[in-house]
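Two complexes, one shared chain (chain A), two partners (chain B, chain C).
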Partner chain A sequence: MQLQPESRRVTDQPQPSRRDLLSRIGAVAGSSAMYLAMTSLGLAAESQYSGPITLDGDPKGASVLILGAGIAGMVAALELRKAGYTVTVLDYNARPGGRTWTIHGGDTYTELGGETQDCRFAEGLYLNPGPWRIPYHHRGMLDYCKRLGVALEPFIQVNHNAYLHAKNAFDGKPQRYRTVQADFHGAVSDLLAKAVNADTLDHTVSKDDRESLLASLRSFGGLNADYTYKTGPTASARRGYDKPPGGGMGAEPTDSVVTSASDVLKSGLWRALAIAQDYDYQTTLFQPTGGMDMIARAFAREIGDLIRPNTKVTAIRQTNQNVTATWTDPTTGEHGTTTADWCLCTIPLSILSQIDINVAAPMQDAINAVPYAPGMKIGLQFKRRFWEQDDAIYGGISYTDLPITQIAYPNSDYLHDGPGVLLGAYPFGPYAYEFTALPPAERIRKAVEWGAQIHPQYKAEFEHGIAIGWHRVPGALGCYGQWSTEARDKHYKNLCALDGRILLAGEHASYIPAWQEGALLSALDAITRLHARVMSP
Partner chain B sequence: MQLQPESRRVTDQPQPSRRDLLSRIGAVAGSSAMYLAMTSLGLAAESQYSGPITLDGDPKGASVLILGAGIAGMVAALELRKAGYTVTVLDYNARPGGRTWTIHGGDTYTELGGETQDCRFAEGLYLNPGPWRIPYHHRGMLDYCKRLGVALEPFIQVNHNAYLHAKNAFDGKPQRYRTVQADFHGAVSDLLAKAVNADTLDHTVSKDDRESLLASLRSFGGLNADYTYKTGPTASARRGYDKPPGGGMGAEPTDSVVTSASDVLKSGLWRALAIAQDYDYQTTLFQPTGGMDMIARAFAREIGDLIRPNTKVTAIRQTNQNVTATWTDPTTGEHGTTTADWCLCTIPLSILSQIDINVAAPMQDAINAVPYAPGMKIGLQFKRRFWEQDDAIYGGISYTDLPITQIAYPNSDYLHDGPGVLLGAYPFGPYAYEFTALPPAERIRKAVEWGAQIHPQYKAEFEHGIAIGWHRVPGALGCYGQWSTEARDKHYKNLCALDGRILLAGEHASYIPAWQEGALLSALDAITRLHARVMSP
Partner chain C sequence: MSAVKLALKLAIALLLTPTLALAQQPDGSFSSPFRFGEPTGEAIYQNICAGCHMPDGRGATGAGAYPSLRQNPRLAATDYDIAIITRSQKAMPGFSRTLTERQIADVADYISKTFNTPLPESPK
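And now, the complex of A and B:
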């Protein structure tokens, strides 16, 4: 089984100067921000975001040209205008948001290569092709959602009743998450208890800890009083029942039969249990009610007047005095230039590396150093929410080692009648390339065919779908900047440093790649440094 | 540390006749119900509920007196009236719902002993003193919510950023759930990997399984390539960072420092990790938007006209022809009798055991055999949602070994400004008795004092609270029927069997005690048997 790893962060860890940061925050923002900052910089803190940014002092009409109206560009536009800058935003797309994008029924999408898909989702149904969840520790995103009035609802990451599936495990029959979890925890705890009781860990576990360890294994693993994991009421209270308890006569439950340790281990299905332990996927996660584009729309309500859409930048040239972007409007044929004192460029490096830009070698090398990760999402509409009605799966994610990698169920409108849209495929890596190489209709056909191995109802209930392969999305040409440790060591600081009058921002200029929070924090850091430069004598 | 066990089910497991049940369902309800039933009776099924009940045939005006307008009584009233019965419901309370109850601002509550509390919660804030969550496998409750138009939202059970606290662990400093989870999984996996690599489990783990086991421990435990759990990027990606990753310059994360296996084991905080593995607390859980009483109100919209409120039943007498309840109305002084052909009594056994009822010894003995569990809930209103703003805790539960046992955060209105209400105490067992023995104001004072050990903000932000001790709730005199295995073996069937013209229902007449689903399934089973009796020649 090859469940796709969802964790993508590359981590290094030099020591920051916390005291300096704290005293700066305290000086500009008072004790309440100081408290918040202390909390967020304390042990196991949640975020480097520590409350609304303050750009003090009058920039005296300095102008900033922002390229790209994704999260980074829109955050920067909002804050820079508020600080007194003259701001213009040029964006490639017809809609603001960049990869913060939601496809609704009635939308039309043309990918690189010319294939056009008409989204026929029913009213209120949607697919987020890009970001789809916001963790509790993405405090920047949460704060902007709050300030901009974006309603949030929980995103269900772990659903104990969703399926785990592998082609070669359990004869290809999907298993419930809860049974795999219970049987894996049980197997591991049972084995370790045996080792402890056989005194084989005496040199590792002290006498004092031995009793605590055994008690913890019994509790954690659902073991019986003799420290074994086996079919019975204790295991059923974790993994579920063959016949669940009921009411009145004949209400006694019947235990389900546990899977042997060997079968659980061989299945590889335990791989899925690690996912929700990842810091990025821990609860509580959120999604904007109605689609991730609610965030883009909320920003656009504030700074939409600053954005020129449908604007393809072809060159970025700076002088000692200013920066000029040359652009064309493919929808009208119009072309022109826009000039400002400074430029904040948030264009993905996959595109920027193809644009004529006169920056020095360190930044240009950095721009060229980051490949973009492949990724694809397919939204499938079905006549009814059979996953709820037949399978009792309300939101969350089923995982499989098929190329679709997962099936994610809508985390809203629970128990509704009528059609529903689920995420029918979300491949990364080679699978994403293979999928994206197919025409959209074929991608969808394959997703339905594979998904039917987990949900046989697919065949009777499928209506239509839409397939977004990020390497074919014209404004992105990839999912996110995929830094290697080596590339980060060599290029990251050069990517982020001010080059003359040009500064970069976006998820690629962060240590939180692929996440909106990375784009947001990168933009706040960039404009803070830009402002300091503007205000310096 | 003595975290209160939340699991309360007592399980036995005789074998049911599934084939019989399936053919009955197929005969009366067609193939769609048959499919649903097959699903729900399959391996590791979710519920004994298999779709709307069908009571075929004309009861020819037979009348049923239902005692109690909780979930059991209201479900029975709805279905019996639909089937053609003449139905009357007598209820002790002024409001329908029984223990399905929500306290809102403006409500007044007088407990046994005469203490009256005025609830001063702000608009939209509430406490569910009784049931507060609905698991995905309570398909009866979910189906009635759907049919009655009750909106549901996710109930967050596990919040990785909530706290685990024990007086004698970590100097009384609360720990984040995520750090305890990561460090416990890490410690257990590290130890078992050591045992495997020392070949001490060779007789237990086959060569084939050995590699899978080591790979699974590395994945599950967040181990490094050498199968050790220690401070570094891999552990931080689970437990969180000292300085989390950010954007732009200085964005590199700093690892947090892992806790030693010995300290994790000694702390006892691992006890909390088992809770969400319990079948009853697995995701996806729901709560009705606005309070659990939305369910009571929805039922009342359907059958409220059948309910006589404020009606205290003092005697239940049956003859060969009918059943008569004698009652008084404490609010008006009115008293009278109500007679019907049959009686479905859903009054809690804690009360029923004190009422004059002429049933045979087996049922009377059963009524007297079940003590009621103690339980208490305290709702606390604070000036602001500091747990979100300061602690990044959005919904979910913090656990402690203090008598309050837990602090549960609201799973709605995330990120809102203004005051919020949290569950400040939810003790069971001895703690619940001790709490309930205090006057309400004192209970609240203690909850605030203890809670401040976890959230120091309590002291500055607390406004007011309300405290419901179930042993002092006049219509209930306890939380739920606490069956012992011995009592079940001896009395359960006698409790559920028809005695002349009297039948009992409620969570006490189920194998899902303390849950609304138990009450619901018990009522459906009871009226199915009652109807069969009425229709039999």
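And now, the complex of A and C:
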């Protein structure tokens, strides 16, 4: 497939002279210097990614051994080969992509400990056990998707008609996101307006600001002209109706009844409203049509010929001249070594910290400094898309304080008859550990039982499930690298710095942990620095 | 914020309901999104540690490995495992925020008592 090297993410550059300057800075000083320069010129405020990288100059066939074929390894392989390097990639897995992975019907997955799950999802249905969404500001990921022809569709983060649920709120009955948000905003605005009108805030709010504040509260909270939030047309316009407006005879709406401020606050359901406020979850988010592995497959179409799969690296040794990886093929028992001038290692630190590698103490200490977080996802197939048909929930996420934590509905194939797969559990922390320690069938049984408290249809409609606990994923041994602030301060630079002929990249070598963009940007930065080193006399 | 830190934040937010301290499972599992409620060393091991070290303590091997805890000479040194469980070591997370000191002592005790025997021979 043709790449589109012309596609640029930064389109608002007014003067070509600036761009020239930037590419000169980029060529000599690497992408972080480039980024600093760009921000100081008022460009690229949203991403370190500044369009396809250019590795100018002839590396004269210098060879690079890339360990790991996740996003980091594959991005590096693509760009280094394009720049004229001889590239070999070794990967433990049988498939390329690493954590960028999708389970489809017909797939078989064996986790650590030996439990095998046969995925019996119907044609076209899938679970993304790892990455599933890409925010609009992950410009690198979006640009590679564009250049590699990966079709994207919207990922629905907020669905106002999805549920918020807590065991001890509203007698355990799930509430619509819409009503919780309307009642919460209404309640706090009403209270604050009362405080303003009672002159309680006179010391903090000037006379001039007072009118603006009241007006803004009315707008924010859906208050009436008298600054109250109460049952009536204004509130219903936000929270919905008992009987919605219709057409013809008897079509007039009936207002829904607002929840009291006290009940809203006590419910705790407002907590989930904050999630979508975070930068990472603001619209627009995307997902590849058909599964996240479409990205892995697209890269494999470009550089699949460079990857040796089923290759478990057990040692990495460098000399003054080169780097050698020792490996075994667990499928055939074959042993071997592969040598190159340079090595870009993207193996997760959960595994690299166990591999014999002769780097200096600073890098070794950094490799050993990062614990790997748990994470767990369960995909559940149901006979029909009852969440659409019965509950009018089209994509998005319901949140609960049950151990399943969230239920996410498919963001594609809306209104289809036939079965559908939803994400039936996605916890972290203690719940993720506890799910992972259970046999897969038991994880699924619990997810169905808990999910039925939100969707009673589960019981009659459930067909089949797949459960992935990330600490048991053989090629990952964990969900992501959980850097502490102290460890970052002490070790991050040492992790990223070139050690002789060895350079590291991956999600763990970024400030965007647990996002593919972090892996991608770290790889681009690493190869830019590596190339500068190779080209330096 | 990472994709996963979000859920932790959410979990923390959702926790503040007082009645949540009540364990809903008999073995104390799944009682809170940020603290383990398991009351015994055995329950802690089987519900948490077994995720990586496996129910029988034999560990597991993939692209990397989880060490076996059976007849592991390092575990004979009494405080070794307590220190690791508390503080973290390499990729293994620490549990000082999610387990009490008592729970950590209990699970260390369970590990040293239970796994200090050879694995049963599998039939040849």
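Simple rule for what comes next: the second predicted complex is superposed on the first by the 493 of 537 C-alpha atoms of A that agree within 3 Å, B and C clash if a C-alpha of one lies under 4 Å from a C-alpha of the other, contacts with A are read in each partner's own complex, and residues count from 1 in each chain.
One rule holds for everything that comes next: contacts are C-beta pairs under 8 Å (C-beta built on N, C-alpha and C of every residue); 3 or more make two chains touch, one makes a residue touch a chain.
Since the model is a prediction, treat every value here as computed from it, not as a measurement.
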item: First, second, both or neither for A:Gly268, with chain B first and chain C second; value: both
item: Contacts of A:Thr405 with chain B and chain C, given as first, second, both or neither; value: second
item: Which of chain B and chain C A:Ala366 touches, first, second, both or neither; value: neither
item: First, second, both or neither for A:Cys345, with chain B first and chain C second; value: neither
item: Partner chain(s) touched by A:Thr436 [first = chain B, second = chain C, both, neither]; value: second
item: Residue contacts with chain A in the superposition, chain B compared against chain C; value: B
item: Which of chain B and chain C A:Ala526 touches, first, second, both or neither; value: first
item: Partner chain(s) touched by A:Gly478 [first = chain B, second = chain C, both, neither]; value: second
item: Contacts of A:Arg239 with chain B and chain C, given as first, second, both or neither; value: first
item: Touching partner for A:Ile444 - first (chain B), second (chain C), both, neither; value: neither
item: On chain A, the residue positions that both chain B and chain C contact, one per complex; value: 268, 271, 274, 278-279, 512
item: Complex interface listing, chain A residues touching chain C; value: 92-93, 112-113, 131, 133, 166-169, 268, 271-272, 274-275, 278-281, 312, 347, 349-351, 353-355, 368, 370-375, 399, 401, 403, 405-406, 426-431, 433-434, 436-437, 446, 469, 471-480, 482, 512-515
item: Chain A contact footprint on chain B (complex, rising order); value: 7, 9, 11-16, 18, 35-36, 39, 41, 43-49, 136-137, 139, 142, 145-146, 152-154, 156, 158-161, 176, 178-179, 181-182, 184-185, 188-189, 191-192, 194-195, 198, 200-201, 204-206, 208-209, 212-213, 216-217, 219-220, 222, 233, 236-256, 261-262, 265-266, 268, 270-271, 273-274, 277-279, 282-284, 286, 389-396, 411, 414-415, 493, 496-497, 505, 509-512, 517-526, 529
item: For the chain C and chain A complex, residues of the former touching the latter; value: 1-11, 13-17, 19-20, 29-30, 32-36, 46-52, 54-55, 60-66, 88, 90-94, 98
